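Following: one structure in structure tokens, then a few remarks.
Labels run A, B and C following the written order; every chain starts at residue 1.
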Amino acid sequence: MPRANPNLLVQSLRGASQVFFMENAATGVLFFAAMAYASSVSGNWATTIGAAVGVGVATLTARLLECDEASVSSGLYGFNGILVGAALPTFIAASPQLWVSIVIGAAVSTVLTAAFSATLTDKWGIPGSTGPFVLTGWLMVAAAYSFGRLQVTGDAPRLAGDLVRGAAGIPAPMDLVAIFFRNIAQVYLLGSAVSGAILLAGILIASVPAGIAAVAGSLISLVVAIAMGADPSAVSQGLYGFSPVLTAMAVGVIFLTPSPRVAAYAALATVMTVFVQGALDVMVAPAGIPSFTAPYVLTMYLFIAPKRLMAPHPHAPVADHMVGNGTPAHSAGTAR
Amino acid sequence: MPRANPNLLVQSLRGASQVFFMENAATGVLFFAAMAYASSVSGNWATTIGAAVGVGVATLTARLLECDEASVSSGLYGFNGILVGAALPTFIAASPQLWVSIVIGAAVSTVLTAAFSATLTDKWGIPGSTGPFVLTGWLMVAAAYSFGRLQVTGDAPRLAGDLVRGAAGIPAPMDLVAIFFRNIAQVYLLGSAVSGAILLAGILIASVPAGIAAVAGSLISLVVAIAMGADPSAVSQGLYGFSPVLTAMAVGVIFLTPSPRVAAYAALATVMTVFVQGALDVMVAPAGIPSFTAPYVLTMYLFIAPKRLMAPHPHAPVADHMVGNGTPAHSAGTAR
Amino acid sequence: MPRANPNLLVQSLRGASQVFFMENAATGVLFFAAMAYASSVSGNWATTIGAAVGVGVATLTARLLECDEASVSSGLYGFNGILVGAALPTFIAASPQLWVSIVIGAAVSTVLTAAFSATLTDKWGIPGSTGPFVLTGWLMVAAAYSFGRLQVTGDAPRLAGDLVRGAAGIPAPMDLVAIFFRNIAQVYLLGSAVSGAILLAGILIASVPAGIAAVAGSLISLVVAIAMGADPSAVSQGLYGFSPVLTAMAVGVIFLTPSPRVAAYAALATVMTVFVQGALDVMVAPAGIPSFTAPYVLTMYLFIAPKRLMAPHPHAPVADHMVGNGTPAHSAGTAR
């Protein structure tokens, strides 16, 4: 792969593609096309411009901090920044302070990417993925409630009991098709089925197995969300599907080597992600923040953490404890 | 210990006994008797059946995932599943979707047990214990608020200021005896003093020191909760005692080698667990979820983490930092 | 440094100075003078007495637990206890149970200091700093809502939408000077500008660079908080400045070796701390607890975690995963 010092534009386009685990500048171009299409429909261009600013600032920050060069070239220091840049204008009204927040948030997302890498990844083998975006996004949106110069649009802190619970039902076939694509579009916080189709095309030109996993994730989430009676409005917007799409791709294809066994494991993870989506929506409501991709991030971390042959702690005394007497009742060998 | 390929029933009964840190199928039988007694009193058999399903599914999942065989045999992959299976029907009304949730939650609890083992235990020497149950239980109960096909009974998201604060007083002697046993029963989410007595008998046939620690934990929590003026209704149901009972056993007997010094340390941990119970009840109230055994889990993690001879970071520059200049002002040897 | 077995008084005074990263008994004396001055103005002496009790109990607990002797001598096991002792009487009305809580909280803060050291510091190179104080303080204040014998003064659990949002404006020059010093005073939960000046003097007699960083942190936070339109009442009390002051000192001088590059990095961290302050105020409001120094702690952890040359996970399969087939598609060498 030609990683030797590509320019900031190529690195940024690769960063755009890394949101779906790809490293492909052409895919990144398609992803920006999907965002631009959604902006042209909604009339809110701040999201697309914010994404461009976010991935540029994040990647530039990584270069200034002299982060691992191969990683910067691959766009791995850009995908959290692009999501910060796309998310903040989605939830905060445009103002000079919004753009300051995007620049700071994107720069900080690079620091967090390095921090997650040095802790989760280096010591536990867990990829940070979009965890830095989730944390940065939560902090910036929550902060907006405290800052008079930032205006959060739509949501507000509330208890989940205040959530309207619609009557459950099965959407019409054409609606199901639209939801299927919106499940993919919402990874980029887009509500457009057409954008979802463009994103899926972008994934497929980079990796067919990854595209298949995305399709499977969208379908599984659709079935589970409807079967459990999730809020039809949220289901319709694709809000129950984007995290499961990422989980299916990450656990089924990207971080584990594909096999029938891994497929079953990824299916369980994908189903669980729908439950985690329902749970986190309730848990973060009092703070007035969106759950972002946290359902994917939490589920993926937990499903990737286990290692082969790892034995749990067998309830034996811990050796070398501060207040222990140094001679555990059972052998220290089994104590870990 | 006869660990060579026992059947699923024996592994599941051992899993039941591991809730109180034991590895004893006979103890597991007594524990199921305690649950059945409480079900016969309350008329809610879904909790006992859920427990059976939970421990079976969790153990079977561990076998399918080829988790460490000795651990599976010991029941260490079953005790989180049994608690998930007992807890969900306690807080969610019966429906086909409830049983789907129990099966998924129990299977996921096994993945989380492996995940906690590979991170907390393997790298930090901290046993995962019932942490996977707490996390799985929180996610499934919170999700129920989002799902029209799951109905949470009783609780709802609220702010702690809405909690009724009863006038504090000292219960009558016979009430104190009942609370003493309920403190043990609530580890299995049971409100019956008789069930508590059966559980204590089950612990004592497996380990007398563990039984003594359970007794001490129940007594300490009773004194502290009354002295601090905790809600008399919650105290009466044993809700201030079950986590301290587990802390006293875990810190005093199971994970550290018993000694007078360790007993004093465990007493401090047990007292603190009562405070953490009061705190977490307030903190999780906005999400509408029970604190489960989180007060025990958090306190135990924090009291087991310290290792002998571990020096804290002496405020010296961190060597090898990304933006440092590579030559720390103080020696790197003391910087960690 | 004369660390050989100084008495408890000297160790406690050093512990007081460690709140600002110093190891200097004379600085500790000045810090107690700053607290006493604020108590004489407010009439609430429980905070100063609580601080003395807290640092004494925490240090004594460390000696009883035989924690690392050099660390105990340096006061590193005292600074969390002094903050617990100062904070609890600030938020909880005086009663015998308050003093019990202070003693237990201070003793537990020592266990948590050892726990953070054995996990964050030992494995990830992240200093625990005032993290143990934040966690202990949160648990004790939240518990007070559950305990009839502890009365939380002022605050109560609420949603952030209930927060009054004042019109933003630029304070008068003399007010700016007072806020500048209150930003430093609030590190010790003091609202007095005079106390802030005494604290700054104490820092300067121990370290001029640390004092300069404190000044810079206070100034940066003032500019950012006003520019973002933060609640003028909170800004005026110094509540938007104390965490940034600590971040500027920690990231700019204490934990990284000072350089122009590190100064820029610390400036970004300091700016971010103001956002995190705004965010955490919203996030912890439903639990009715103050954010304490959590904005500093969270930001500092994240900015100190990255290590030089650390590559993030390149989205390749994880080797040795429980359900993987043992032959990752990409080389294991790049998988971490």
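The rule we apply is simple: a residue touches a chain if its C-beta (ideal position, glycine included) is under 8 Å from a C-beta of that chain, and two chains touch if they have at least 3 such contacts.
All values derive from a computational prediction rather than experimental measurement.
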For chain A placed onto chain C, the superposition rotation in degrees, Cα atoms, nearest 5: 120
Chain B against chain A, contact positions shared by both copies (same if over half, else different): different
Centroid spacing, where centroids are CA-atom means, of chain A and chain B in whole angstrom: 30
Overlap residues in chain C, where contacts from two or more other chains coincide: 65-67, 114, 123, 126, 159, 265, 286, 306-310, 322-323
Chain C to chain B touching residues, read off their complex: 18, 21, 23, 65-68, 70-71, 74, 76-77, 97, 100-101, 104, 107-108, 111-119, 121-123, 125-129, 138-150, 156-159, 254-257, 259, 261-262, 265, 286-288, 304, 306-310, 322-323
Contacting residues of chain C [partner chain A, same complex]: 65-67, 114, 123-124, 126, 159-161, 163, 165-168, 227-231, 265, 268-269, 271-272, 275-283, 285-286, 301-303, 305-318, 320-329, 335-336
